[in-house]
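Listed below are the structures to be examined.
Look for chain A in each of the two complexes below; its partner is chain B in the first and chain C in the second.
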Partner chain A sequence: MGPPLPLRERLVLGGLGLGGFIALWTLLSTTGIVPRSFLPTPFDVMSRFAVLLSTPFAGATLPQHLASSFQRYGSGVLLAAAIGVPLGLMMGWFRVLDDIVTPIFDGLRFIAPIAWVPFAALWFGTGIGGPVLIIFAGAFPPCLINAYRGARFVEPRLIEAARMLGTGNTRMIVEILLPAATPSIVAGLRVSAGLGWQSLVGAELIVAAAGIGFMMVQAQANVATPTVMAGMVAIGLVGMLIDILLRQFEAWLRRRRGLEV
Partner chain B sequence: MKALSENLKSVGGSADMAGRRGWIGLGTVAGLIALWFVLSGTGLVSSARFPSPAEFWVSLTQIATRGYAGGQLWQHALQSLRLVAMGFLVAIATGIPLGLWMGWSRRAEAVINPVFLIIRPIPPLAWIPLAILWLGLGDAAKIMVIWFAAFVPSVINAFSGVRAIDRPMIEAARMLGTPPLRMVVEVIAPAAMPMIFTGLRLSLQAAWTTLVAAELVGALAGIGFVLNMAQQDIYPGMILVGMVTVGVLGWATTRALGAAERRALAWNVAARD
Partner chain C sequence: MGSIRFKNVDKVFGPSAGGVKVLDDINLEIAEKEFVAIVGPSGCGKTTCLRMVAGFEPPTSGEVSVNGKVVTAPGPDRAVVFQQFALFPWKSVRDNIDLGLRNKNLPKVERDERIAAALRLMNLESHADAFPHQLSGGMQQRVAIARAYVLDPEVLLMDEPFGALDAQTRVVMQEELVRLARVNPRTVLFITHAVEEAVYLADRVAIMTRRPGRIKEVLDIRKVREAENWDRMTRIEDVMDLESFVHLRTQIWKSLREEKGANSV
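Our next item is the complex of A and B:
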């Protein structure tokens, strides 16, 4: 574990790593060691990606599939934040609520979000409602936990000062706990956004009639490997974009509050 | 001021409060079960949407004795457990050494990290269609996606574990002329161990999520397959049995990992609480 490498050496080595990976992949498929229908070359995947941008597959183009995925994703994550954050804050303030909700939460925690799929389909169908419930199940826990922790670790001085001035419960939660817990909440939202995206993909693989996951399942059924891999690229890109945006938001928020980034 | 805050803290942490917590928790669970009986008994929640306790019991005894979806409950559970264990073990066996190596060698990190960075944003669940294309609906495809899911947290935490080691410890070992192999086995791996176990907990969770998803997409046995059949048969009682089983298995494996962690880290005071 020597000292950090100079930037130039890092770039060269990194280029070698990436170049080697892509070369190996290309070699495997062009030499026929792995049949090309199972492992298309990186170029095949990229050109398929470009084609999908304008040509429909499984009833829609890639941007259209992504748009319908995003609609579900947005609803699920927003719902998780809208319920999880206030509930977490209230649990941080009212001890009774904490005592009541925690055992339920602990019991449900071990059930993988994806296991909600059958009930989601039964209760809300496979259009929007079903997938939204699954995304909600994936995104809810970090929202709740981080809001709760944020509220529990507020400086006691602030609470005492507010109490001494006769602050009521509602004002205490909205004007003291919420602002103090915001950094923790935003960090939780970032985790939620990632888990929600992952749950969305799972939900769409199993129950959906549109969306990026649906496109990949259809492609798999047709042994259209380049389309499956183009879908993976799209999922990776969008997931990365969401994460970058939220990281920026988090950094901006921390700067604005004078916290170190 | 200080006295007050200490007073508040002590109220929150006393044994009385812990006891009260336990009673309220117990009461909540009992209340929920009572609510379940009342809601389904009065027909407020239709049994086509959520099973009544009696239906749940019928489904449970059916799958436990006569079987459902081609096997009895223990066979499905064992199948899922076996796949998770295999994928998880492969991920540990590959992920931890890679992470340790990347943590130890700046060069290895520089070469591998970019490849890792472009693959990592793809969620493990998105590999399922490709795994099915490559390996079919059998065990191999599931082990592959579980491996993928559990691999990433193993690598990252082993890597960060090495990077967080106190430099003086390594320098001391070096000064005493420790050969490289002993260095890895006796200094680096143990020092990174608490962090590695944190990664393993995340890996285990990811492994279960991925397995259930993979079995729901396509399988011939396993708890995810039970859920899938129950969904197609519109059989709410069996869906609930499947979900409870997933929860129990997830809980049991997490407990087992926790026990392993306490054994492995018995020397580490921080891990004992």
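Our next item is the complex of A and C:
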């Protein structure tokens, strides 16, 4: 890739891409090349989206569904970070732990989160545990991997400096590995947040009350395609928002550390 | 306290058969509170010598001991000052200096006193709350020296500590180190490839051969210094013009050049 283009040109190009995408979509759906019930027009989707903001569907409005999803999502991602980051750091410091955990982890991490649906339902029924488990399954690997890599690739001089200062294991992990690995951990959290959010629809296949995924599943059962797509738009928008916020956080952290953004 | 001894030390990197031999039968004794500089062509293993005293690398054969005890691991009795400073970027100057004291489980009051003294000693008082990236290279190295000195180590290991600094800062730091050595003498093992620096700072200068490094000769600077009455507190530029200084410098240069010549043919 060449050098980055000026912001104005990038905005124009981005707008062209988005405009082209919507134009093609409009063309396909309004000309009847694809039946309208299979592919609703952008206008159908947007107006449905607007309606859902205030009118309940499947028992709740779109913001209420999102709020409900956010509880599960937040629990799943936080749990993944709370277990994955410390475990990854410890694996990066204690070789024995690395040797014990890595084989299990390498096997488990290739199982798609949605594959856990049957067991999540079996173990947790329709309680919050099931969806949280599925989101956790999506969000956990990047937390662990990035904390581990961050800990393994700490500048060797810093480890040596800490060791010559008499630093013990706990302090080494908390005060040296954790801050040194923070940029890597935050990058991992960004990926985790994204994958967790992607796992949401799968996670909500097995919920009974509310949630953006639940709403889409209900709509799909009624062949209410504009509602399904409005849900997809909501997921996309919220996902982007989460990523933008985490990116800001990452940039702030790097600036504070005196690193390049 | 603080004597260092290398006894028949060999170091091979890589597999024991077919690895690279970097040190060959190193024997050197450094007395308590003595300042010894090791000079040698690059790649001769001088930094490896220091790292073995620090406990970062074990010798392949032979023994490295401090106070008669064989070195097996790093520890705060042997403080290291690294060429690239190795400060913790997420810790303020004060917290960088504090870590070693906290590891010793000293009470807060005593730690604060010792940090204040170290900051004063290195003229860092106004930068206690700054972060390393906000400081110049020279200031960062002052922090690293303060971090080492505050532990009151028996041995100070300095690995080309001024190699990353510009020429003027380097001179200032050399003079500071001489002042420190006066105020608070320690056993110092100082690695450098700058001959003048070695002659100016050290009591003795050990010259190493090219790889695999051996100790070629050890010059006692003290004899000349005392005979010619050049005091270490004199400014470096005054010392550098003295005939006795020039003579020593030339002697070491010639010795090193033999090594380079043999290497580059």
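The criterion applied here is as follows: the second predicted complex is superposed on the first by the 224 of 261 C-alpha atoms of A that agree within 3 Å, B and C clash if a C-alpha of one lies under 4 Å from a C-alpha of the other, contacts with A are read in each partner's own complex, and residues count from 1 in each chain.
Going forward, contacts are C-beta pairs under 8 Å (C-beta built on N, C-alpha and C of every residue); 3 or more make two chains touch, one makes a residue touch a chain.
This is a predicted model, so every value here is computed, not measured.
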Touched partner set for A:160, first chain B, second chain C, both or neither: both
Chain B versus chain C, judged by how many residues of chain A each one touches: B
Touching partner for A:18 - first (chain B), second (chain C), both, neither: first
Touched partner set for A:232, first chain B, second chain C, both or neither: first
Partner chain(s) touched by A:209 [first = chain B, second = chain C, both, neither]: neither
Touching partner for A:257 - first (chain B), second (chain C), both, neither: second
Partner chain(s) touched by A:115 [first = chain B, second = chain C, both, neither]: first
Interface residues of chain A shared between complexes with chain B and chain C: 157, 160
Touch list for chain C against partner chain A, complex: 54-56, 73-76, 78-80, 82, 84, 86-91, 99-100, 102-104, 131-134, 147, 151
Chain B-facing residues of chain A, complex: 1-5, 9-10, 13-18, 20-21, 38, 95-96, 99-100, 102-104, 107-108, 110-119, 121-123, 156-157, 160, 197-198, 201-202, 205-206, 213, 216-217, 219-220, 223, 225, 228-229, 231-233, 235-237, 239-240, 243
Parts of chain A lying in touch with chain C, wherever the complex brings them together: 155, 157-158, 160-168, 171, 175-176, 179-180, 182, 257-258
In the complex, chain B residues that touch chain A: 1, 4-5, 8-9, 12, 20-21, 24-26, 28-29, 32, 49-50, 103-107, 110-115, 118-119, 121-130, 132-134, 162-163, 165, 167, 170, 205, 208-209, 212-213, 216-217, 224, 227-228, 230-231, 234, 236, 239, 242-243, 246-248, 250-251, 254
